[in-house]
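Quick heads-up: structures coming right below.
Note that chain A is present in both complexes that follow, paired respectively with chain B and with chain C.
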Partner chain A sequence: MTPAERPLSPFQLGSIYKLQLTSVLSFSHRATGVGLSVGTVFLVWWLVAAASGDDAFAAAQWFFGSWLGLLLLLGWCFAFFFHLCNGIRHLFWDAGLGFELRTAYASGWTVVAASGVLTAIAFAAGLLVRG
Partner chain B sequence: MAEFRLPANSRIRTGVTHEAPPGAREVRKFRIYRFDPASGENPRLDTFELDAADCGPMVLDALIRIKDSVDSSLTFRRSCREGICGSCAMNIDGVNRLACTTSLHDLGREIRIYPLPHMPVVKDLVADLTQFYAQYASVKPWLQAQSPAPPDSERLQSKEEQERIDRPAACILCACCSTACPSYWWNSDRYLGPAALLAAYRWIIDSRDEATGERLDALEDPFKLYRCHTIMNCTDVCPKDLNPAKAIAEIKKMLVQRQN
Partner chain C sequence: MADQRLRSPLGRAIGLGSAKEGVGHWWAQRVSAVALILLGLWFAASLVALAGADRAAVAAWLHHPLPAILAILMLVAVFYHAALGLQVVIEDYVHSEWLKLSSLVAMRLISIALAVAGIFAVLRLAFGG
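Moving on, here comes the complex of A and B:
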């Protein structure tokens, strides 16, 4: 049996290899990055609508005020704060700091908590301003 | 490219169950990955029920017990049974560890055992480590020096210089770290992986080595080094409590610093 014919040992995260905070936060960082890129398209749509006139802007406002729009905004809000906080964590790593396993876990949980709290504050503030 | 499913020849079938011997007092279930290259069939997951009261305390003891008294064809690597040879690394209950230093007491009643993840399987729990070793060899893991050694002594180091390489040099090349790394799963053809990079770091910071520049040149590559995205599964899993993630970060820092 040549190496190419050999079966590949199972590796799937979750079912075969345990999901750990280390890998989950890393994948989340990438997923939120992709999510934010998609969100930027919607942000551009909103700005273009604002520049195009009352009708277009009203349509955009209606969409973002609908339950689906609010849900997407909540998602982007969390994605923004998570990507930001975890990005700061990456900056420390780039400086060679925070690599001890205990520190990495502590900073990981801090990122999760901070992005949750910041999302709640920002979203609540947004809803208040909207009235 | 990241793939999330196993290729068709690698999907796992349901295997056979070997029931516990009559009168067993403490039954533990071992679900073990089996692959027989001679059969031409896909891998399967066999279940072995074992009386833990009649078995040594470690996962390796259970595997040896199964091989001795239930199925002599069960194939796995083992040697020192004390965590220094690195032979019995495998995926035990979802995490890569050494079977010889993993206590059955720390695991549940049902224990899943697979070979090291995302590797070609030779047989059962034996993964093909050819590429892993080739990657290790590619970082030239030996002392390189132009200046001759002192005629009447070894190349000496200060205590501090020795302490810097103490930990990285303690790597046993078990491959737990590299095969726990999702980046290595998907780019192992071009990314060196945490184990080889830890070895590279060990020689880069060795005060006696004179090839530091060449070693750094060899690693300055988008794939060999920079496929590390600081996931930290490597450090999480190392059975010797080493820190490959930090070693890789230090190499990245050195590459930036030498540009100034």
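Moving on, here comes the complex of A and C:
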């Protein structure tokens, strides 16, 4: 049987679908999830380097202290807090709570604000600890 | 939720629904998510505290049983949760059958390999690497 040539996701983006906070956050949840998954490769590198020896660990620490490393860490920091906060929002929905339009927007903006604030706190604390 | 009157008693008992896979994947994603709220926050806070640390400080951190146990639990939950999530992303956006299948297999194998590597590293540090 030949499958019908139907348009497949995400064909609507841009041309038909008007972006709104709720859909941007929904898409961002996936995007940050994928980004964090890529980040696990670097996390395991860091752990294995620590288990391997001083030279390997110094190389990993040098990378994470470089401009590229810090930029990536900032991105993963935000991705982590966003995925965490929005994930909790999803868990409330799974429990059947917060589906009203006003509540969905309020929780959405709360997620945006909370992930921004938590990222700033965590990253600033990290820079402070590093000295 | 489908109208229960429209389902056969057998279909209801098996509980697999139209996708023939049931809610196992959905539940596993949620259970690992709940675990990661606490484990993720603890691990993120630990990483912040270790910013710029030398190898001895990381080894000393994981030398205690509780951080080592939590780190291993975190790694298990992270890679389980990530594999479940990436599976859905691949299934949704990769439309060529062979590419979808090979991506799914590669993603699973890489997830397992990374999890084992991370857990081994934690154990080595825990037992005095």
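Note that the second predicted complex is superposed on the first by the 116 of 131 C-alpha atoms of A that agree within 3 Å, B and C clash if a C-alpha of one lies under 4 Å from a C-alpha of the other, contacts with A are read in each partner's own complex, and residues count from 1 in each chain.
Just so we're on the same page, a residue touches a chain if its C-beta (ideal position, glycine included) is under 8 Å from a C-beta of that chain, and two chains touch if they have at least 3 such contacts.
All of these numbers come straight from a predicted model, not from anything done at the bench.
Trainee: For A:Ala50, using the defined touch cut-off, is the partner it touches chain B, chain C, both, or neither? Pick first, second, both or neither.
Mentor: second
Trainee: Is the number of chain A residues in contact higher for chain B or for chain C?
Mentor: On the superposition, C touches more of the residues of chain A.
Trainee: Does the superposition put A:Thr40 against chain B (first), chain C (second), both, or neither?
Mentor: In the superposition, A:Thr40 contacts chain C only.
Trainee: For A:Ala113 in the superposed arrangement: first (chain B), second (chain C), both or neither?
Mentor: A:Ala113 sits against neither chain B nor chain C.
Trainee: What is the contact status of A:Arg130 with respect to chain B (first) and chain C (second): first, second, both, or neither?
Mentor: Only chain C is touched by A:Arg130; chain B is not.
Trainee: A:Ala59 in the overlay: touching chain B, chain C, both, or neither? Say first, second, both or neither.
Mentor: A:Ala59 sits against neither chain B nor chain C.
Trainee: So in the superposed three-chain picture, is A:Asp94 touching just chain B, just chain C, both, or none of them (first/second/both/neither)?
Mentor: A:Asp94 contacts both chain B and chain C.
Trainee: Identify the partner contact of A:Leu71: answer first if only chain B is touched, second if only chain C is, both if each is, neither if none is.
Mentor: Once the two structures are laid over each other on A, A:Leu71 reaches no partner at all.
Trainee: With the two complexes superposed on chain A, say which partner A:Leu8 touches: chain B (first), chain C (second), both, or neither.
Mentor: both
Trainee: On chain A, which stretch or stretches are contacted by chain B in one complex as well as by chain C in the other?
Mentor: Shared contact residues on chain A: 8-10, 90, 94.
Trainee: Can you list the residues on chain A that touch chain B in the complex?
Mentor: Going through chain A, the ones touching chain B are 1, 3, 5-13, 16-18, 20, 22-23, 26-27, 90, 93-96, 99-101, 104.
Trainee: Using the touch definition up top, name the residues of chain B that touch chain A in the complex.
Mentor: 4-7, 9-10, 12, 33, 35, 37, 42-43, 91, 93-95, 114-122, 127-128, 130, 180, 182, 185, 229-233, 235-236, 243, 245-246, 249-250, 252-253
Trainee: In the complex of these two chains, what residues of chain C are touching chain A?
Mentor: 30, 33-34, 36-37, 40-41, 44, 47-55, 58-59, 78-79, 82, 85-86, 89, 92-93, 95, 114, 117-118, 120-122, 124-125, 129
Trainee: Going by the contact rule at the top, pick out the chain A residues touching chain C in the complex.
Mentor: 8-10, 30, 33-34, 36-37, 40-41, 43-44, 47-48, 50-51, 53-54, 57-58, 61, 65, 77, 80, 84, 87-88, 90-91, 94, 122, 125-127, 129-131
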